[in-house]
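Chains here go by letter, A, B, C and D, matching the order in which they are written, and residues are numbered from 1 within each.
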């Protein structure tokens, strides 16, 4: 399906870093959903760089919904959202047209597109495109909230500094998720954020970059979602998550932490609680056999250190087929993890919206 | 797309653990591929339980290709492969119909299918269904090999015991991959396998189970495969991999090992080698921006400890909505990681076959 | 999507005329639907040749549902239905391996499959495969009926002999649809059937064949189904209908009869009737802008004369690339229109089932 | 898949008649195709109303390609094309918000979207959206031409006046197709166009509208395209064609003209001609068993009389649920058939482009 995903509700992204617009089309929305421009603007602001620990390229991220909305509500027809690119300085990139930035897609793009790709600023591979995903996610997140579904992501670790974990108590978790919504650098423990920012700035002054781990929780999702084979909830989420630049690993529940343990330690025992079936632990991250079991869905993403660094690196000129060196100029992020977390939330929201419409029908969010 | 995957070449699985047949349909195969029944039989034998570290339920895994093959070659029309279930002892499972086995899909299935699911032996969720995936993978693996593409998976760790890693030297790697093909318990270091088997038996005698990590390498894949958004190679592989029972994490290249490091340490520098662009390290696992870069694709899967254990566990009866206990009887595996590796290879082969046909056309493997 | 169709509920067919089995997989059924084996058998009997106006190859059409059904109800997992081929006489076809039968797919198949196709009896192109479609349709038709949706097709004309039309009065129409279910040669006027059969026998004795028009009506479908672009109800139905062998035209409502007329004559005026919006005529066949409007959906299919005739015809040997002649031996139908009508009903049922699940969710038919 | 189509190359349309933009996204284009803005402009001009036989709403149809093109060539990433709406006069439509125009989608849209649809000018159902399809088609038509594939459509009949037919001699046909490209009112015989225009004007002065038949031919298509089941060439084309407003029937080759005839008259005999397999007649419209056979693909579409007429018609107010009358004001076409023909060509081009990329790979049109 290439640059789109979803079965019942399909999201397509388009655009290049230095083209006139980037954008997204969402096809299959329920009619009558309130479309909240100020929330979209808010979500875009969370992705926007800020502070000394981010790139100095700051887009205003004005957006325009050009279809699918009438009188402030979704019509049910394809919704296209456009975001103009206004702050690009293409000259920064001209010399990069054939020198592959290590850790970037430049060379892979050359192999795929045979030199016809728009190489400026990473073109269609640019993290800039995630603004379209954030805007698209912001279209559906309020409707998920109306159904009691909360999604939140925090920086679990960055540059080796750890945040605390999500609570295993669901009411507490829901408060944590609600709080994350407004944080520019989202940690559960504010002190952790301070340490992380300092570490990012240190890496930045050394011409280097850092990565980390994002932890996401989803509370309020109905049980019984997903398919046993292929369209498992893990499979659907990871399929979309891996397209977020720099994400190189996804694990659900206790993931890689379970590999040395035993079944008796990691099986999640079931129990009755207030007339509801729950599990006493959540090592499976709310998913058994690919299907939600009613517990919070919890997963973590490995975010590799941002590849753009000013330190000199060995590389090749892929047109000349010759060794060379590069020091990536332009305006770059020494870390993107704090900006990526709202992208994760957005992608997750779009995946869940699709799954819920598939399960409950195209009117599930109608008039929400 | 539910219980099928693939855009240009679609694989669908069907069947229940205790039904008459399980099977798979592959639609979109190139015509004229040699279909090698003995290789299919061999691959199925690698998945089949054996030794004291596996379940004592042994299926003969006779299979029949009922369509899409004529005179020993694929016709290009949908290929359906059937595998009869012959060794089921349903009585083992009758009492489980409403008692949820911890770590299993029983309760999630109840939520999804409202009690209409075939609960015997896990029904459609059973690991048994992976035999159909293995058979389907075995249909396409020889054609990938003809194109120089080798796929192999070893047990990187099990019960805390480590195997050595894949070589970073591609000719050596290709020899390693070739050797893995015939191993029943696939490690690169045979001593590691001995240790792992002993640990599995120990867990088994204690009524418990173990997990581990599978590491997979793909050598010979053309560069330029994959899409920048959503249908990234990471996204396509993880989407399919997460449907293999017990896999709870997937990471590419150095994955979670990169999260505390810096860009300068983990960016893969490019260099010319014999007129070819290579990277000096492979922390990105052969994939940049979702697209193959010509280096081996390397990834690891977290396999949780097998959930079926004879130790007594707390659980619920989900029809009575009451707390209860369970000790899972029947014939179960104290570890499935050594059997899962051929399932990983098979799923990977089917994903790559689809991607290659999408890129090079439906005749790419014709007359192979 | 090749040899499958459907977004929320996907049907895949497989098999060759002279292979061991043909079959279908339906993925996405609601759980808990009663699966009525005797109804499946009945539907298959309507497709089966009978009388002197049909081929003398008669299959018993024993079928086996090998997955997705438990205790007589759908489980919600993929349902695979197998039909063994028992009556093939491959020798009839051996000489045809490279001589293209005019009007058949032999030569087109050669172009597509490069000689690897199973040429015996038309292989995967055989009308025989429609038995799998009929069986699959018979799985879902009872659930549609439970929702008040009736589907029926009659032979509107054959060999130039006309049947009467469906009534424009819906209660009468529903009676007509109910009556069609049991007819082997389905016309609304029994005298028409007599005339048609005589005409078919006449053509048969002259070594020739005939075609005709099938008219289908669907009553009880909710309004508001379909999409404005591409997945219009017309588009979804015609997409599937054109794969029924010999169908070369599909028209909705008054179709080609409107082309010389004026808007004032063919616009369907709306009116209130018993508190419900209806149209006073139904020239649009129950569909406006691709969406159902609550009136019966009515369409007609052009069925070309059966291509297999014993009369000598000019053709080529596509391996020798030489002109030659052919008189098609074997057992063939001088008309297939009366057998095709149950195939039309089945395909329509599968399309509608998919659309309804997409609209109302995957449990829409649960426990039906 | 809702408002998109295509497997290897997917086209999505968005927009409402009175919104700021309509547009389309094409995902899966080969990289390196020359994108010819002047050709896109030319194609849009053929769809634009002109003369006294068309609506007086004339859009300038300025368009902007906002992604997927770099230095005048396709990049291979999603191409988004925007067309601003500039000439709308919403006041014309305000009173229509709940009065269903007979023959239009107003009431069906109400049933589907529950009153949230943008009712102005037909909203997403408007023929205006076909401008986006024409622009999208114009992106790929030059690449098809480069491969020798010509597509053309003429007004075979309108208001009862007949044009001549396409030639059965392929070199003559190719000249006819080449000539059609520049005609505003495309007939093969210019006298026919004069008669048709007069008839349209007559209907217009009488407050009425007319329909007709479009005939399309495709020359130069490789043999062996299409699938035996569901994704037949007929199925793929009709699926897309039925979304063009007012098309209510599609027939291939001799279609409904064959229904009263015999196999011996309509089977297309094969013969060798200049070393190539041809058929001596083309009643099957270049398609056997759903697969192209190398002959021109020929089909006809029934275009119903335009539903917007100024004559007073009976209808209902679907909010008041009351009978009422309507005389459709605003600026409307007494015929759209001459404007629809370029829409047909565009849709056909997009379908074929998808099929060709599926068959020959994603680089098939690269650097074209």
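Criterion: contacts are C-beta pairs under 8 Å (C-beta built on N, C-alpha and C of every residue); 3 or more make two chains touch, one makes a residue touch a chain.
Because the structure is a prediction, the values reported are computed rather than measured.
Trainee: Please flag the chain sitting at the greatest distance from chain B, going by CA centroids.
Mentor: D
Trainee: With contacts defined as at the top, give the pair, B-C or C-D, that has more of them.
Mentor: Between the chain pairs B-C and C-D, C-D carries more contacts.
Trainee: Between chain A and chain C, tell me the centre distance in angstrom, where each centre is the average of that chain's C-alpha atoms.
Mentor: 45
Trainee: Take the average of all CA coordinates in chain C, do the same for chain D, and state the distance between these two points in whole angstrom.
Mentor: 27
Trainee: Counting in whole Å, what is the centre-to-centre distance of chain B and chain C, each centre being its mean C-alpha position?
Mentor: Taking the mean C-alpha position of each chain, the two centres sit 39 Å apart.
Trainee: If a residue has to touch 2 or more other chains to count, which residues of chain C qualify?
Mentor: 1-4, 7, 13, 77, 112-113, 124, 228, 363 - these are the residues of chain C that touch more than one other chain.
Trainee: In their complex, what parts of chain B are in touch with chain C?
Mentor: My answer: residues 1-4, 10, 12-16, 19-23, 25, 27-28, 31-32, 64, 66-68, 70, 73-80, 82, 112-118, 123-124, 363, 366-367.
Trainee: State the interface residues of chain C toward chain A in the complex, per the touch definition above.
Mentor: 7-8, 77, 228, 358-364
Trainee: Could you please specify the touching residues of chain C with respect to chain D in the complex?
Mentor: 1-5, 7, 13, 100, 102-109, 111-113, 122, 124-125, 129, 157, 159-160, 203, 207-213, 222-232, 234-236, 238-243, 245, 248-256, 258-272, 275, 277, 279-280, 283-285, 287-294, 302-309, 311, 313-316, 318, 321-323
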